[in-house]
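These are the structures, in structure tokens.
First subunit A sits with subunit B, and in the next complex the same chain sits with subunit C.
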Partner chain A sequence: MRPGNQKGQAMIEFAIIGSTSLLALAFLIQIGLRMNYQQEIEQQTFRLALRRAQDEGDKESQAILYQHIRDREIPEPSSEPTIMPRTSTQASSAVTWGEWLTFLADDRDSQPRVVVHVNDTRADDFRSGDFEGGKEGVKKDAPKDAPLVSAIHNQFTSTGQLTQASGASSLSSSSSASTTVTLKNGKTVSGSASASCSFSGGSWVCDGP
Partner chain B sequence: MTHRRKGQSSLEMLVLGGVAVSALVIMAVYVQRAYQSYLYSSGSTHGLQFDPRGTYTESSTVNVFRQTTDVTVKTGQPGVDLPTGTPDLPSTPGGHVPGRILETKVRAQTDWDISRKATYEAR
Partner chain C sequence: MRRTVMNFRKGQVLLEFGIACFGLVMFIYVLLQAWVWLSGTIVRRQASFQHSRLEAGKRATAGKKVPYRPGRDTPVRFDLF
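Entry: the complex of A and B
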């Protein structure tokens, strides 16, 4: 029925279309994860700011600016299975919880609190006055509208091993992130994240964010 | 004379043919060996002989895969001014909250060290 020179045509079509479809699906998952994590950090940051503002004392401004950075694991279709690549996500939120009729002393506590949260580290000792022109580390003529963060240094490291043998196969992989944020006044906040995953004897064991 | 030479030519041909055939038969062994050697060396260029029933181990190790990114913030969203109080309530708190990042300059660098190891037991 089929001419000799058309033998295997369907197989080749499957090989091309199948691999292209798989690649497209993998990229779709990657983009989906990226959007999901971005939404997650934006909403999480607002809630964290809300909670932090509520936790402020009666003699504080009860106003919070929350700067949040998280380095998340997002697999890439083009990378090896033993590599767990990371992508940095960030969001900020400003919440004013305060009852404005509260009388406060005109001191540091009355200034809005600035929280910088980098992976597992949360620095919440900053006040808005720390970033005003002329304060320590800030030039006198620094623009008032300059962003809180002036530089971010990320270092993502991954290691892993894939072994296939006649009896069984195993996979182990780990990744870590180390991020340092430099603020407008020259102060730095550093945070890290790590995770590991292994597959052996037919089951997966994973931990870490 | 002529009568005695009858059949000489045929005998010579027969002997010569026999020698040629014998040579081919004997050389066939060496020709086959040479051809098999050619096939073996051609096959070996693709790697070791693999038999899934035999003992084998293949290992791929990512010793380190490192991505370094340096982000310099160039511009940001204007900050938020929280109003101080009204003239009636002058001590109500206020201040300026710095803006967030809008435009950045990014420098990224990636380096890696990957090794592979394969062990096969040939049979």
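Entry: the complex of A and C
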């Protein structure tokens, strides 16, 4: 029989190695998913901008500046089990759909369109002139190169419940995000995302982004 | 050979060492597989993006979505044996 102190040492070693291993695996998954989602939003934003530029009328500039924010579910090693926290990913893209040179009237339509897409909300009635100095909500001496987005407010909520009963156990998890973007001219765009998952009877049922 | 306390401990240590080695190898294997899958999806999505560029630039199919979907086109598999 082993002395008591050796048994304790084995337990400690197992606890250290086991938790370190799980932490390494969790971090790998977290970083991998984050990189994947970032690549996805960059590609998707360019294609959405392309589509939107093509949809413009012949008397419009057919130029788009697309700002896209999506709050994705990415697990974190530091969060509780069954919780699926969200992380914000964002990308922007500028596309000019030009098949020929156009000479437009010096009006609102001649200005590039600015689209702000936050989760499930897409605001596409902004024009680049709306953000120039002196326009509504913009200071006259505001620097021209100031970023389009001046503030982002995220509110993420995640819940999880594990129920164990004799003969059956079930697990349910839900997460939601509400994000508000404040633009250079003081206007705001808000969008939300929510998803829920449940495990019961040996199968997962999930819905939502 | 006579069964002594020392012999018994040696056998146990060997057994523990074997189990630990197996666990370590399995852990590295799972870690590598996860990494290969995650980095592979990035490469495949990029290839899919490049292959659909011409179509995405045509007026009829403007802004075509990138066709690659990781979970469906590249299922997570751990081919152990």
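Observations on the model:
Note that the second predicted complex is superposed on the first by the 189 of 209 C-alpha atoms of A that agree within 3 Å, B and C clash if a C-alpha of one lies under 4 Å from a C-alpha of the other, contacts with A are read in each partner's own complex, and residues count from 1 in each chain.
FYI, contacts are C-beta pairs under 8 Å (C-beta built on N, C-alpha and C of every residue); 3 or more make two chains touch, one makes a residue touch a chain.
Just so it is clear, the model here is predicted, and its values are computed rather than measured.
Of the two partner chains placed around the shared chain by superposition, subunit B is the only one that A:Val114 touches, whereas subunit C remains out of contact. In the superposition on chain A, contact is made by A:Ala63 with subunit B only, not with subunit C.
Of the two partner chains, neither subunit B nor subunit C is touched by A:Thr89. Looking at the shared chain after the overlay, A:Phe156 reaches subunit B, while subunit C stays out of its contact range.
Using the contact criterion defined above for the overlaid structures, shared-chain residue A:Met35 touches subunit C, although it does not reach subunit B.
Within the superposed three-chain model, A:Ala165 lies in touch with subunit B and out of touch with subunit C [touch as defined at top].
Looking at the shared chain after the overlay, A:Ser176 reaches neither subunit B nor subunit C. In the superposed model, A:Thr45 lies in contact with neither subunit B nor subunit C. Touching of subunit A by both subunit B and subunit C, each in its own complex, is seen for no residue at all. Residue ranges of subunit A in contact with subunit C, taken from their complex: 2, 10, 21, 24-25, 28-29, 32-33, 35-36, 39-40, 43-44, 47-55, 97.
Of all residues in subunit C, those touching subunit A in their complex are 9, 16, 27, 30-31, 34-35, 37-39, 41-42, 45-46, 49, 56-57, 59, 62-66, 70. Note for the complex: subunit A touches subunit B at residues 61, 63, 65, 67, 80, 82-83, 85-86, 88, 90, 92, 94, 96, 98, 100-106, 110-112, 114, 127-129, 131-132, 144-166, 173, 184. Residues 52-73, 75-80, 82, 85, 89, 91-102, 114 of subunit B are the ones touching subunit A in the complex.
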